Structures are given as structure tokens and as C-alpha cells.
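Two complexes are shown next, each including chain A; its partner changes from chain B in the first to chain C in the second.
So, the complex of A and B:
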């Protein structure tokens, strides 16, 4: 392959997602009325926040050469658990919801790390089962008026919605884990070469288990935020297809599905890009089907760039 | 066994009535950077069992894949039954009558034994539907012939590996194969199953089927093979009848060393003997693992380099892996400085100071996506961290020290390790382990596949490390390296210690032990 082409593709993989976000912003600034209004930005960010949070966990899992399909169902479970425990107050309810998510993650992780089930199969089983569990715990939509929870969903601090602040804080935390901690380094090593990691004495199973627990807990947090914004627990439809949005964000953000690399900011930008694309097409009165096809093009472009890298 | 060919002949098979059934003429196969087959000629006659031998990388599997349509030739030709053959795929070769039985059984483990056996040739009843009763009956009858009595309705995967292999063999023969290629068929078989296999081979031979038999077990070759072709570095270095071929001579052909060759001066960078006094730091006693190791014992003193010799499959790598905790043991114990190391745990072995440089650098050593820096720090990370947070300054210090000491050539510490040359990758792995301050260094083929310059550097380094008091176990297929690098050589054969050479270590001596001669 010619060097310049290779250089261009490497650049595209590294910065393509930032460039695409920039281009979309410029386009909208020029051609979309009221796009630059603060309200619009706020809406976009509030909508993308749960996806970002789920995608952060997904990026870690994918970094270990795995995948977590159960995240959407974990969001639903978290909605159900909140409804069950809201009588004890908002804080215990949220705590229980996150704990439930972590437990689902532990089940995923145990299947993958100790039983040796393929990640896609293990988490597919929990995708189905946990959705069912969520519906058993809470058979139908249930509204609530808990002021704390409602505030989490709709209040702002210094003009920034709490939901968005939560996403920013979690992004910073995950970025710190990946870049600065022993665990973060070991995680990408396991994804890059599991046999080598094992022979280097890394606690491979414990690392895998932990990664899935984190992914489950983050999905549960996303479930809490989405539920508090809805002001209702909706175990039937909350988080449907969330696993696909999260995987898309991770892939578009430049994290290869083959593991060994995690791009935290890229993942956030991947989620933002898909959100902006949807918003742009909606504002120009193009039907939903156009959005889906445009998203497909972006996913293919991202996967192509990742393929060229090896 | 009757000698089928005039002794001392080359690859030629002229003068036979039928001519060879399968033949490769001047076969050339080139992969990026490697010439796997460099003009190999090979011929297989009807009704003969032809041994194909050679060390790792000699070109055996490439030749098999060329013969069976997995690879296309870059030069030369394959002839089958007197005509030029161009098999586009393994399936085409199979249809033409060339059956291959690989080390790993390539059948469908979830399907029943009967279906596997008769796949594609199921007896049909009315409406073209499979007649299951007839299928079961036929399968049971066929397997009885091979001395296998199993419920043919059971999924194949639920049976032992030996039985699976026999089913694969039976299937191949049922398909009226004219040529059967067996790649290490006995590696997972019990002795009783091996006997059954040999009986089957004798039966096939009587029917005129030609067999290519790949194995490292010399006893087996001498028992059942008529002729042998020895491959080395992509060339056929010898073809001829096996009866009358001296065992030592066969081994010397495989390893590329003249039997009587005695070198006045070595070519490796090892300085020679070390003062190895005192108690052994590493003691391994009675290491046993089903089908792999049969009671290997080993002791290494500080500052001593102990070579592990033996042919491929003799248990060298397995011994190293067992000591490093990477291979679970059925029996045996490992101790370091008199303290027992819990078996089957890599972290426990590392904690005790035992580290392994694995044979397969790419698959088991380097993490290609990580930088040189992160690869070096990988094992030592917990020591270079505080409260789970990596101390970048500590990592930089360690990495800089080893990049300097081992002269690792990289664009910088942040270059992905996957982009480095083989020699530099090997140095990165050595650095990874030296950063752990080990007591025992297990080196499995440390210089294989790296260029001459790096090889000399790695050898000099091993020497230096032993000089610093490390106990080193050196595994190498390169006899010269073994002879010149080791203070002592322990030779393994079929998973057990076959002999040991102390003071007078020569290539001849090692080969003699491998062949089963003296030095016991």
C-alpha cells in the first residue's frame, strides 16, 4: 500500500470522528435555523448523555475483545428496581438499581471469564433474560413524583443539566481508569493478547469479570438518569436497542472490535456524532429512514478505516 | 516390510510399473518473507507408507497443503495418477480421492458418529430422505471393523479424541481414498488405539492405498513406514527406504548436522562455562501430564545454563510451561530455593521468581497493539503502581534502563510493539521479565526467527545473565546453540528424560541420546 494513503487512513481513524462532528456543526450553523440556540444544544446533550454513559462501559468491554449486549435490558431492570425501592427514598432506590446492574454484569463476567462462554452468547442470554426479569418486577409503566429523582432528570447546575454533568464526570472517571490505572493497562493487554497476558501473570479472569461489572453498573446509571428524565419507570421499552447505539458509538469513535485499544473521548464523540446527524436530518424534515441510512454509511466508514489499520 | 526402492536413490521412482500415484515436482511455495518450499520433489507409490519428517518450519505442513489443494503452487507442479493436478480446494482433492487426517479432528462434533461417518453419503430411503436405521447399522458395522464399539447415535464430540480420530480415519477410507495423508495421527492416541491404527494402516496398504505418514515418533516410523522423505528448510534433503537407514543418520538429516562433524570453533556468541556452585535454585521433580510429560525431573543451580534437547514433541516446551505454571500437572512438584511453588498458576511461579519466555513470540508474548513501553512494563505493573495507579515516572525509569541495556531499537517507547522486528520484540519480552528480577529464566527458542545480529546479541545477553547468577533453562532446536550455550544438556524423548550430557557436550552426543543410544 502506498504510504500517503496509509497515512491518510490512519489520520482518518485517529481524528475522523472529531472532524465529522466539526463538519456537522459548521453545516448546521450555516444552514439550520436556530441550531446554535442554547436550548437546542441542551436538548441534544441531554438526549445523548445516557448513550454516552452506556458506551463508556461498552468501550471497556470491547477493549477486552468482548461485547455486552445486555446493557439495554440492564437499563430496564434499573427502571424496575427504582420503582420497587422508591418508597425508601431516592438514594436507596438508585443504589439498589446500580447494584442490580453490577450483579447482571457479574453474571456476564462470570460466564465469560470462568465458564468460557463467548461474550456475544453470554450477554445475549442476559439481554433476553434481564428484560424479562425487569417486566416481572414491574409489569407496566409506573409514574412517580419523587422530587429528588425528578430533579435529577430535569434540573441544571450552572445552566448545565445534571444528566449531562453526570455523563461528563463518568467520562472523566473512565478516562482516568484507562490511562492511569494498573487495571486500565491490564485491560487493554488482555484484549490485545490474552495468552500473553496470562503468561505474564495478569489476573485475566478477574479483569474480565470487573470489566463486565463496570459495564453493567454504568448501564444501570444510564437507566436511572433516563428514568428520572421520563418521570416514570418503563421496563418494557426503556433501553431498547441501546446496545446497538452504544456499539455504534464505540466503533465510530475508533475503538477496534478486535480489542487491545480503548478510545474514551472518541467513544463520546462517536455518540455525539450519531446524535447530531439524527438531529440535523430531523431539522431538515427528512424522514427517520434517511437517518438510519446515513448512520449506516458512517458505521461502514468507521469499520473500513479500522480494517485498513492492520 | 519389503524394501520397495533401491537403496540410496533420490526422489526418482522411474521403472515402477504403475508410477507414483501422487507426486510433487520441484514444488515452490513462497510466503511474504519466507520460502516455505524451495523446489521440493516428493513421490508416493501405490501401497506404500511414506514417512514425511522434518523439524518445525521444514515445510511439512506446507507440502501437505500444496498436495491437498489448500495452497496454490508458485512453481513446479503436483501430479496425481499420472496427470497434472490443480486442486482448487481441499474438497476437490478429497473428491479425487486424497483424504487428509489432521492432528485436530475436522469433523462436526455436535453431530452423531453415524452422520459424521457417512456425511454426504447417507443411505437414502423413499422420497430421498435419510434412512436413519440403515445409517446406524452401516456405521456400527464399519466401526466394528476398526475395533470401535460405540453407540453411533452419540454426538462425536462426546467421545475420546482417539475414537474421534478413528472415525475420521474410517470416514476417509470409506470415501474410497487412494491416498491418505496422516498428520501426527498418534499424538493424542492411547497405546491401545495406536495398535488399532497400525492394523488399519496395514489393511489399507494391502488394498493398495498410499499413505503419507507425518510423525516425530521415530519408533513408529521404523515400525510402519517403507520410505522416508526428510525436509529441511523447505528442501527435500533425503528420500529413500527406511529399513537400513541408521537412526542417528536420520536425526542428523533432520537437524542438518553431519554425524561426525566436530567444530573446532563455534559460531554462537556464548562464552562458555559458568561457575555454578551451590545448591540448585530450581528443582522440578517428576513432572507428569497425560500424553505430554511422563515424569521429568530437572535441577538448575544459580549461574548455570541447562539446555533442554530433544526433537519436536519430546516435551521440551511442555516442561518449561509446567515449571512456569502455564501447564497444569497431573503429578510432580516444582520448588525454588527449597520452597514449593503451587502448580498450575503463572502468578505463583512469577512470585517465586520463575519466568518463561514463550516459544511463540507473536501468539503468547507480544501484545501488538500496546507500545514498547507498555509491553515492557506489563508484568511489572503492580510493582510500578501505587494504590492501583501507575507511576509513570517509575515506568519511564525501568523502560529507559532496559531499552538501553538490551539495545532495543524502536522509533521510541511509544511505538506499537507489533511494528518491531522479531529480534527487538524478543528483547522487549526479555526486558519484560528482567524487570521482575527473576531467579529462574526459562527460554523457549529465544533466537528462533530473529536475524543474525540480534541472535548474537540475545546469546551474549543470556550468557551475561547467567554470569550475574540467574539460573537459565535454554530450549533450542539449534543444536549448535544448545552445545555452546549450555553448561549441561538434558535430553528429552517422548515426555521423559532420556539422558544428560555434562562435561563433553557435542552435537553427536545429543543426537545419540535422542536416537536412544548411550549416555543413559
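So, the complex of A and C:
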């Protein structure tokens, strides 16, 4: 391939997602009524926050050349656990929910790291099992009135919704871990070349286990936030197909599925892009099938760009 | 197996010292009789009904018979919970000792094998809440071979009346849509902009509730404009998210027609979040769950058209008539009630 073309692809891969978000913003500013209102941006950010948080965990897992299909079910489990423990107050309930998520993550990680099951198989098993568990714990939607939990879902600090602040804080934390810590380097090394990592003495199994625990805990946090926004625990439908949204965000954000690289901001932008796309089509009252087709085009473009990498 | 044990252990650990939030509402269904379904049409079959002689089923005593009930979706929403409970309660009341209940967990292939199991277990009467209308041939063949009468409830199956099934008992979803439109017309005084929160795409309930609503609006209130229709997939979360987008881009919306109660309640959460007051946007929905009827009492929802899930009494009464040799019509359409601000408070105990 000629140099300029290769350069274009590289640029597209690096900045394509930002460019696409920019184009969508410009389009909406011009053609969507009331798009430039502050409330509108707040709505989009609030809706995308749980997806961003799940996608952060997913990006780490994908960075190790793995995948975590159980995240949506973990959100449902988190919703169930909250309903079960809300009698003790909001903080213990949230703590238990995140703990439950981390436990599921540990089960995923143990299967992958110690038993040697393929990540897609191991986490598929938990996708099914954990959704079932969530439904056993809480068979149907349950509303709650706990003021703290309701406030988490609907209040703002300095004009920014708490849900969004949580997503920003977690993004910063994950970005710090990936860029500035030994663990971050090790994670990428394991994803890039597992055999070499093992030979050079990295604790590969521990790293894998930790990554899945983080992913489970983040999914549980997303479940807490989504539940607090809904003002009801809904283990039947909360988080359905969330694993696909998260994987899409990660891939569109430029993290290769082959591991060895994690793009944190790209992942956030990937989630924002999908959210904006959906919002644009809803606001223009186009049928849902259009959204799905547009998403497919974007995913294909992202995968095509990634193909040129190696 | 090991995974199942681990999950079971996890369930025990997670619930070990659980303590749920204290319940807030104490509304209890007081007068169970008042909520039973009433037949709307046809009250007396006009000649062409299906008799036991035509069907070929042997006569049997309902009380000592093996009766199979196949539920389609898991009992995770109020409608399915009330439906299954109503069948079980009525069987218990009639003294039917041998009721076998299965649940297909929303998987059609499982429902087919469920019903085949029921036939194999010697079911003499089948009550089926079908997940789909098509694809029932394997079951119908087996049932026909053994001359087992089939009653389907809440959804139809596409098959031959009398040869394949005895009757269908259910609501008229198009009519529900029309009645929702009537309520919306009343709420808006015949003029304004309305958004529709559609149900799951590709579902006959969605199609019929949409068509009925649009027909009636077009016929009776041409000044009402339907400016927005997006799917909320029958869930509260999607209903909330779509409504949030809607009130950003169409702040002049006057009414929202939600094709089920869950989406309506999601819309209420979205409107609250956007700082609206009860009644700013008129909401009309369909189902009649307790949460939505409470929404009318609180002023957020204008009216709810009921879709009555309590099939038990009517299903077994129809079966008894069939066994007594009476002709049974192809369809038994039930009468659904409606809730509005006039009756919501008093009816709260009857909502499911």
C-alpha cells in the first residue's frame, strides 16, 4: 500500500472516532432542534455513563486478549443485590452489589487464568448463569424510595449529574492505571505476548484474575448507577445486550481485539459516538432499524481500520 | 454441574443476611371476585361453535382430570405473575388436583417440548399461553392424535378451529389501542401533539395496539398530530431513555401514549427528572398494573386501559361448557376495564 494511504488509515484509526463524534455534533447542531441546550448534553451524558463504565472494564479485558460477556448480567445481579440489602441503607447495599460484581469477575478470572477456559466460553457461561441468579434473587422489578440512592441517580453537583461525575472519575482512574502503573504495563504485555510475559517472570495468572475482577466490579457500579436512575431494581431487563454495546465502544474506540493495547479515551469516545448516533436517530424520529444499520456501518469501518494495523 | 453448585452457593451467600427495603404500599387485592374477566363477545355462540362431539375428545370429569398449563414467559412481570396465579387459584378452587404447570422462559422451542411433555404425562386438557402464534404443528398433531382439547389464552395460535384447538380467550389489542386513543382525545380536548412509545418491534401486540390507536385518532380527532414514535421495547428503562430524548427535542409534546405500563412508568421518571409537574404531559397506557394505577392516583398518568390477565375462571368455565356438550366459539373476547382519575383510587386493590 502506498505511504499516504497507510498514513490516512493510521490517522483514521487514531482519530477517526473523535472525527466521527465531531461530525455528528456538527450535524445535530445544524439540523436537530433544541440540540444545543445544556439539558440535552446532560441527558446524553447521563445515558451514556453506565455504558462508559462497563466499556472501561471491557477495554482492560480486551487489552489482555480476553473478552467479558458477563457484564450485562452482572449489572442485573447488582440491581438484585441492591434490592435485597437496601434495608441496611444505601451504602451497605451498594457495597454488597459491587462485591457481588467482583465475585463474578473472580469466577471469570479463575476460569480463564487457572482452569484455562477460553474467555469467550467462560464468560458466556456466567452471562447465562448470573442472569439466572439475578432473577432467582429478585424475580421481578422492585421499586425503591431510598433517598440516597434516588439522589445518586438524579442529583447534580455543580450542575453535573452525579452519574456523570462517577463515570469521569472512573475513566481518570482507569487511564491512570493503564498509563502510570506497573500493573497497567503488565496487563498490556500479557495481552501482547502471553508466552513472553510468562517467560520474563510476569505473574500472568494474577494479572488476568485482577483484570476480570475489575471488569466485574465496574459492571456492578454501572448496575448501581443504572438502577438508581431507574428508581427501581429490574433484574429481568437491566443490562440486556450491554456486553455488545461495551464491546462496540471498545472496538470503535480503536482498541484492537487482539490485545496488547488499551485506549481509554478512545473507548469513552466510542461509547459517546454510539450514544449520539442513537440520540440523533431518535430525535429525528427514524425507526430503530436505522440505528442498528448505522451502528453496523460504524463497527465495520472500525474493524476495517484495525485490520490494516499489522 | 460444578458451576451450578457454585451458583447455588453464591445465591445462598448473597441472600444470607439480606434485608430488603420495608414495603411502602400496603394495598392488598381485597375483592378478588370483582377483578375476574367478563366475556364481551360473543356471549352466545351463533351456531358455528365447536362441540365436544365435533372435536372427538372423550368426556371426562374436570376435577379428576390431568390438566396441563403451559406459560410462555417467565413470571417476571406483573401480567405473567397474575396470569399463572389465576390459573392455579381457579384450579385449586374447582378442586382440580392434577394441574401441571410449565414455563417456557420465553424460549419457543422450550414451550413446544413443554407441551409435548404435558401430553406425554397424560394431560386431558391443555391451557396454553402461546409465546408465538406460528410453529405449533408438532404439538397440534400429537394433541389431535390423542384428542386432547386445547384452549389458548391471551395470544392466538394460527390453526384450524375445532380440528386443532377449541377456542382462544383473550383481549382485542386493536380495541385497546382505540380506547387508549379515546382517552387521549379526552385528555387533550381533541387537539395537540402526541408521542407513541411503541412496544417490542415485530410483536403482534405492538402492531395491533399501534394500529388501533392511530385509526381512532385519524377518525375522531384529526387535530391531534402524532409527531413521534419510537420503541421502548416494553421496558421501563427504554421508556425512560426514549422519553428523555423526546422531551429534549420535542418540548411542545402534549401527550404520550405508552403501549404498556412499564414504559409509561419510565416516562414518568423521565418527566420528573426534567422538572415537569404531574399533568404537564398527559400519559395514557395499557395493562392496568398496580404501579400505573398508582400513577393515576398521583396525577402523573391520565388513564390506563386494562389488559386483564386473570384467565383462570373463564378458561375453566369454558372447558366445563365444552365438556357439557355446549358449542364453543372460535374466539372469546374478554372485556377490559379502564382506570382514570375517577376510579383509580378505589380500584387500586383490583389492579394486578
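Note that in this section the second predicted complex is superposed on the first by the 310 of 310 C-alpha atoms of A that agree within 3 Å, B and C clash if a C-alpha of one lies under 4 Å from a C-alpha of the other, contacts with A are read in each partner's own complex, and residues count from 1 in each chain.
The criterion applied here is as follows: a residue touches a chain if its C-beta (ideal position, glycine included) is under 8 Å from a C-beta of that chain, and two chains touch if they have at least 3 such contacts.
All values reported here derive from a predicted model rather than from experimental measurement.
In the superposition on chain A, contact is made by A:195 with chain B only, not with chain C.
Of the two partner chains placed by the overlay, only chain B lies in contact with A:183; chain C stays clear of it. More chain A residues lie in contact with C than with the other chain of the pair chain B and chain C. Judged by the touch definition given at the top, the superposed model places A:78 against neither chain B nor chain C. Of the two partner chains placed by superposition, A:210 touches none, neither chain B nor chain C. Chain A residues in contact with chain B (one complex) as well as with chain C (other complex) do not exist. Touching chain C in their complex are the following residues of chain A: 32-35, 37, 39-40, 43, 46-47, 81, 83-88, 96, 100, 103, 107, 125, 129-130, 132-133, 135-137, 139-146, 154, 226, 229-232, 234-238, 279, 282-283, 285, 288-289. Note for the complex: chain C touches chain A at residues 3-4, 6-7, 10-11, 14-15, 18-22, 24, 74-78, 81, 201, 227-231, 233, 235-237, 240-242, 244-246, 248-249, 251, 262, 266, 269, 272-274, 291. If you check the complex, the residues on chain A that touch chain B are 180-183, 185-186, 188-189, 191-193, 195-203, 259-261.
Across the interface of their complex, chain A is touched by residues 324, 326, 346-347, 349-350, 356, 358, 363-370, 374, 377-379, 381-382, 385, 388-390, 432 of chain B.
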